[in-house]
Amino acid sequence: MSTIENRLARLGLILPTAAAPVAAYVPVVEMGGFAHVSGQLPLIEGRLVTGRLGQDLALEQGVEAARACALMILAQLRLALGSLDRVERIVKLGGFVNSAEGFVDQPKVINGASELMLAVFDDAGRHARSAVGVPTLPLGAAVEVDAIVAVRPRV
Amino acid sequence: MSTIENRLARLGLILPTAAAPVAAYVPVVEMGGFAHVSGQLPLIEGRLVTGRLGQDLALEQGVEAARACALMILAQLRLALGSLDRVERIVKLGGFVNSAEGFVDQPKVINGASELMLAVFDDAGRHARSAVGVPTLPLGAAVEVDAIVAVRPRV
Amino acid sequence: MSTIENRLARLGLILPTAAAPVAAYVPVVEMGGFAHVSGQLPLIEGRLVTGRLGQDLALEQGVEAARACALMILAQLRLALGSLDRVERIVKLGGFVNSAEGFVDQPKVINGASELMLAVFDDAGRHARSAVGVPTLPLGAAVEVDAIVAVRPRV
């Protein structure tokens, strides 16, 4: 079993089935040493987490949603790259939080994704990030996270 | 005539004049094998498509606006790269949709851009993507789309 | 003194102390010839500029906030790269403006960041850009700007 699959098992993490894109695009494009991962929505036990932080959802629900986005990013990478051991570095996460106007804890929400990357990849999971509030997301999702990942060549 | 120009002609597509930036930046930067394209606004017959999806504009108008953004991305790339035949892969589109709070069909809107890329570039047009809702865009535009494109060296 | 430090001195620019990330990520990741800089918030004399354009803040205050984000991007790059002389090109800025619904001058706001890059780096500061409105940002910030920068190898 690969190093990262071992790590996932030790952490008790089971990746979801890689979700099909909700439109005319692909989940991952690998070019020039980087994999660009499409914005992933939060599925928990197959159900989309919907609603707005600061209005419909508590902070902890947002954190869980962001973590679910990160698990889906890993699922998409595993499928596209063949193995998560090809991940050289999580370079950048872009986090969009469905937010009521007064909600300003987007960083705490997106930490749900960031901390998962650190737990799975250690130093290779230390990434740059942006986190912003938006008034609405596809299908009413609570969070959307995309990613840029540095990848090793196929062996 | 180049391959992609042939394709544009067969599809009946005429690229707009590459719009000047609306501020202190440039439309395209090519570095390290990638071209980063600035966020493009939707011009149809020289007029900016303004308004908010789910409030002022019907879905189909949003789709047309996103398609216009994609045509402008191609116009900017042609001007900056010298030829669209240098496009190796459309890597990533970032779609921002001017959205009323209850509007959740950002993926359908941005498909207007995505499907154009597929029609023009076939497999090289298959890209990663994010699509989010925003409450307002520059000059009141309905949609803004930026892009990361892998490019071949100049011959 | 390095070229860019000289330039900063001639322009009378003093970079702020590089701010610690407000959550579980790092300010800069350098991989494959590019540095990705996390979204930076506007600190002026150590105080965060908060509020919404078109409601709480005048345009000029937004411009100053965007400029402060750009200065923080430079502070983060200097710390991470060792020297700003390693900056080969400012490739892309991503600007998010805390905006009331009717505010459509995001490009003028983000010019505060763009014009600083041009002043500091001349042609190497000419970048691609996106600028969008958002309803809320981390900690109530007025502006957030992230960056992709092409970097020279360490000597």
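Lettered A, B and C in written order, each chain numbered from 1.
Keep in mind that, in the parts below, a contact is a pair of C-beta atoms (placed from the backbone, for glycine too) under 8 Å apart; a residue touches a chain by one contact, two chains touch by 3 or more.
Predicted model, so just to flag it, every value in this text is computed and none were measured.
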Overall pattern in which the protein chains touch one another (line/ring/star/complete/other): complete
Angle of the C-alpha superposing rotation, chain B to chain C, to the nearest 5 degrees: 120
Type of chain A:chain B copy interface by residue overlap (half), same or different: different
For chain A paired with chain B, centre-to-centre distance based on mean C-alpha positions, whole Å: 25
Residue numbers of chain B (touch at least two other chains): 32, 134-135
Residues of chain A defined as touching chain C within the complex: 32-34, 88-89, 91-93, 99-108, 110-111, 114-115, 118, 126-135, 148, 150
Chain C residues touching chain A - in the complex, by the definition given at the top: 21-29, 31-32, 36-39, 94, 96, 134-140, 144, 146
